[in-house]
Amino acid sequence: MVALYPEKLLTIISIDSMEESLVASFKKYGISGYTVIRARGEGASGIQADMTGFDANIMVKVVLPLERLQPLLESLERKIRKGHHLTVFVADVQVITPDKFTRSLR
Amino acid sequence: MGSLTNLLLPAVLFFALGFVARVIKSDLRFPPDLAKVLSIYLLMAIGLHGGYELAKADIMTAVNSIVWALVLGFTLPIIGYIALVLTRKVNPMDAAAISAHYGSVSAGTFLTAIAYLDSAGVSYETYPLIMLAVMESPAIIVGLLLAAKARMSLAARDDVVAAGDGTTAMSADDGNENDAHSMAALLRDAFTNGSVVVLIGSMIIGAISTPSGMEKLFPFIDDIFMGVLCLFLFDMGMVAARRIGDFRKVGLVLAAFGVLMPLLGGVVGAYVGFAILDFSVGGATLVAVLGASASYIAVPPAMRLAVPEANPSFYLTLSLGITFPFNVLVGIPLYHSLVQSMAMSG
Amino acid sequence: MVALYPEKLLTIISIDSMEESLVASFKKYGISGYTVIRARGEGASGIQADMTGFDANIMVKVVLPLERLQPLLESLERKIRKGHHLTVFVADVQVITPDKFTRSLR
Amino acid sequence: MGSLTNLLLPAVLFFALGFVARVIKSDLRFPPDLAKVLSIYLLMAIGLHGGYELAKADIMTAVNSIVWALVLGFTLPIIGYIALVLTRKVNPMDAAAISAHYGSVSAGTFLTAIAYLDSAGVSYETYPLIMLAVMESPAIIVGLLLAAKARMSLAARDDVVAAGDGTTAMSADDGNENDAHSMAALLRDAFTNGSVVVLIGSMIIGAISTPSGMEKLFPFIDDIFMGVLCLFLFDMGMVAARRIGDFRKVGLVLAAFGVLMPLLGGVVGAYVGFAILDFSVGGATLVAVLGASASYIAVPPAMRLAVPEANPSFYLTLSLGITFPFNVLVGIPLYHSLVQSMAMSG
Amino acid sequence: MVALYPEKLLTIISIDSMEESLVASFKKYGISGYTVIRARGEGASGIQADMTGFDANIMVKVVLPLERLQPLLESLERKIRKGHHLTVFVADVQVITPDKFTRSLR
Amino acid sequence: MGSLTNLLLPAVLFFALGFVARVIKSDLRFPPDLAKVLSIYLLMAIGLHGGYELAKADIMTAVNSIVWALVLGFTLPIIGYIALVLTRKVNPMDAAAISAHYGSVSAGTFLTAIAYLDSAGVSYETYPLIMLAVMESPAIIVGLLLAAKARMSLAARDDVVAAGDGTTAMSADDGNENDAHSMAALLRDAFTNGSVVVLIGSMIIGAISTPSGMEKLFPFIDDIFMGVLCLFLFDMGMVAARRIGDFRKVGLVLAAFGVLMPLLGGVVGAYVGFAILDFSVGGATLVAVLGASASYIAVPPAMRLAVPEANPSFYLTLSLGITFPFNVLVGIPLYHSLVQSMAMSG
């Protein structure tokens, strides 16, 4: 019987050129890792069709412990307030290796 | 060679084919990375070629070209900004972001102009190529400065309304955090932009490589060039058609700007190229095209990051959906005729 | 402390040529945006290996308020009943900008 | 030139290499978008070439070719459908979807045939190229009609069993909703299919471009053509090998259909090309190949959308795993011999 | 009103060359399908930038009934113990076609 | 032709440009699949060429080359392993994984060497090409065996500490489950590796194709070859620069290994090529390059799967960030000079 431990899964969708800034925030507020997926989409800021290589979105996934969530959300909220278009949502997940997600990147 | 012949160039016809494909709702899609690969190839090919020629060029004329490229890149967006603000159809943020596109250049338009001149048997200097590389970035800086100015005046207004709500404190903290987006970082981004690196890097390589090494490259950069340009414009035709659909969102006044601004830029460029830099008809036509064309590769992502408050539909529709097709189909032969008549009257 | 508000996250996996039809449904039943990701996969209808560019899947993500979920699920169920192969699942998520998801596309 | 020499064409050998790579479970994978890019290039290249030649062609023969292409495209799937239903191995839905593939054509097979004829020094007319473009779509329509018929008879049967369970009402509402999938939309899709647009568009461009413009394209569309075809067939060999693994799922009877149907189509095509359209041996061989080949680009996605009830493994395994390799390895030289013997006896 | 039934959503992030082995486990322990998405990322084993085609990650998604989860998690845990870098998490989802997920692949 | 001229080859300059682009933090990114496509093309082109030439070659020399390629492939990693273990800077797992890379080869380095020799007008035999194909895989096997040995001795140690914790039972069950990763499977993977299949397959096709078929391929595999190599090295320059950033993580001793090991391999290769296989200066230089270069395509994924305990940063930084640039910029002219001096003294 493999034990399961609760964590949070933070998902952020934005234009791909935001990646550098998002990763900088991640490293500042401390997370153990992140995953980036190329995406297309449509929303308030129009269509991002990924037709030319310069209109792509990214979807970023971060698994992290609850206590690391708030500072990161605050930094995302500041970016949104500045005008950046970020679609952000948080879900409950369970993991089998909780230690993995308490480390810090670099 | 009249304007009609321009429309019978394969490259221009492929642009039209891409456009039509979208209009008839074909399911034709080019893989998104293809456009990127094609433009890397095109920049590399013209860069190598240009560098090879420039190695034999006159240093004074080269420096002169660079200076005037900077002048164009810094002046045109300011003119565009003032014109846009005067229309009262967009807010200052949007005006800043849009006008930055017009100070920069479109390599696709430039290459179509080269195909046009080649096919009309008109020769041209290589200096405009350096100008192409130089003009990619300065307009981004002007755009940022205009946006910063607009932001400050907006903030001043907001402060009266919502003083003390903590936003300012947070922004400060955020400015701190986001050094990735600070002014310095954005300037760095502007000058280390991928297209600029490929173009300038290839020019240097073309200039310093051993001639025997360069010879082995010519089949790659010459023989298949026109075919690759056709593929690229095919793809861009589809992109432009998708964007022109947003025409209504932009409104008639803005759409008119998308045609008048390149005309203005073309006239200024033709004058700089012909009267000031003393280029041949072909060379001056290329400078006119630099003045007339609007960026759709380097500037949009820069504006997205640095001026997130501006509406991307505005600048993307204008540069990709209106100005780019206008220049490819109508502008290039027009600027050529203009320079020709300057040459006659001169 | 950033407040979190509950929303639903709808995920649909299908062949890529279903995109047009899915987006049409989205717009009909009203959502604020969607995100499309290229995928491969295997299931009852065989393997979709994305080996040739014409056997790819897509994974579509939609964040939406609970009250918009049912009509969309009904439209998806109708497509499934018609024979289309859709893998559909719904999860609970929390967002920081709830207003963003009550708008309507176009 | 015998059938063995066909097997020593680089293009055919690369197909075999791709096949072998999968059989020995190599981890070799081509990026999925590569196949798309290669086929856009191939269609563009033959289109431009064909258009350039067609500009000098005879209009009556061209119209005649189009008419007979339509006849083939509409007739072959009906024959296939009847044959399949008679086997009683598949339901009518599957029969409709499979047979649609055989009325359409495979550009990859056509290009291999061109490589074969070129290498054998056999000349051919350009009209089959128009037929290739024309035949991409009509079979889709026949497939849809056959499926609609099958669906109605199935629905009639179901109604007796499950009358009043609300399904009908819902379907009605759904038909309403999904105008994207309505018959009209699917017909539009069939004619605006990406391959058709690239092929016909390039033919028009090849026909109307200025000759000097076209000359600059020849290195791109001629010199590297064979290499690109090799890469494409390399990839297709891997795809075919993956599909032939599903051979067992398909069953022996269906697999036999995958060989007999192209033979039938080849014979009919050879007759149309040689006896009716009065083409040379080379041209008639190409028409035979059109008759024999089964689509794997345009038709599968159309059937997925329009006939979702049909099992994709059936039609994909047949067209990609059986008919395509059969035609490339065995069929092409066979159809060539057939037309040759017609020419001798005629 | 479309009814919703509870399932588990298992997500695995790893290097792309693990795909064959993961799919083998899936087939051994019985699932009805899976979806694979190309990804990049960073974590304890460094950066996977997908810059060259040989440093890509994959994100694999499996919807499955609770009772099939444990054996799969055990097999994943064994892989992790062997040294493989897997990021694994489980979430609760709801589906509209529960039968779909009780079948077995091949 | 001195070492400086090497640095003025366009291909080498593009490598440097890629490197610089990353150093100045340009946002230039090549689509990840581009590198894959370019290397498929490059392997196909040299394979076809080599096979075409080899068809005329001497079978005894070919067999001899293969034998010595195997000797190099099996010996070099063992030497590397012993050296690494003696440094006491890495554990045996890492030592096994790293040294496997040095027994294998880098096609990119090999091709740069060919560009260098071509441009210097030095001729070379085709046998080193077979050696390139042969040497891709054996080192993987040695790496696996070394890692298995290391694993057993580590397990023996652990058993004393943690006997009876069930791990052993589980591993057994797991070995069962993961036949995909069993030794047999990994050997199969090593020999059916994508690069090996493309290279050997293309060589066979080049050897058996009809000459008329091959002639149609030459523009594709010859004329644009150098341009594609430039693009490939441009991309690799960016990859190398990203990796060299991890230099600090690796430490000075390991970094020194990344320079000394290719020097050792180069000397051994030069000796094998010149003194044993009796090749010309050009041919022996290529064998030296095979000895000196470290794999970054076939071996890394094999080690990731088979030796997951090893730290990928170590072997990737060494092979991509240190040894590859060293060989391209400094090593190739060095090995050439070495063989030249052997030729003079011999």
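Letters A, B, C, D, E and F name the chains as they come in the text, with residue numbers starting at 1 for each one.
Here, contacts are C-beta pairs under 8 Å (C-beta built on N, C-alpha and C of every residue); 3 or more make two chains touch, one makes a residue touch a chain.
The structure presented is a predicted model; accordingly, all values stated were derived computationally and were not measured.
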{"item": "If a chain touches chain B and chain C alike, it appears here", "value": "A, D"}
{"item": "Chains touching both chain A and chain D", "value": "B, C"}
{"item": "Copy pair chain B, chain F: interface residue numbering same or different (half cut)", "value": "different"}
{"item": "Averaged-CA centre spacing for the pair chain D and chain B, given as whole angstrom", "value": "42"}
{"item": "Rounded Å distance, chain C centre to chain D centre (Cα mean)", "value": "33"}
{"item": "Where chain A touches two or more other chains, by residue", "value": "17, 37-38, 53, 91-92"}
{"item": "In chain F, residues with contacts to at least two other chains", "value": "27, 29-31, 33, 36, 219, 223-224, 301"}
{"item": "Chain-to-chain touches, reported pairwise for every pair that qualifies", "value": "A-B, A-C, A-E, B-D, B-F, C-D, C-E, D-F, E-F"}
{"item": "Touching residues (chain side chain E, partner chain C) in the complex", "value": "1-2, 4, 7, 9, 23, 32-38, 61, 63, 91-97, 100, 103, 105"}
{"item": "Complex interface listing, chain D residues touching chain C", "value": "29-30, 32-33, 35-36, 167, 170-171, 173-174, 177-181, 235, 238-239, 242, 246, 296-297, 300-301, 304-305, 307-309, 311-313, 316"}
{"item": "Interface residues, chain B side, partner chain F - complex", "value": "33, 36-37, 40-41, 44, 48, 188-189, 192-194, 196-198, 201-202, 204-205, 208-210, 212-214, 216-217, 219-221, 223-224, 301"}
{"item": "Partner chain F, residues of chain D touching it in the complex", "value": "5, 8-11, 13-14, 17, 20-21, 24-31, 33-34, 115, 118-119, 219, 223-224, 226-228, 230-231, 234"}
{"item": "Chain E residues touching chain F - in the complex, by the definition given at the top", "value": "15, 17-18, 20-21, 24-25, 28, 45-46, 49-56, 75, 78-79, 81-85"}
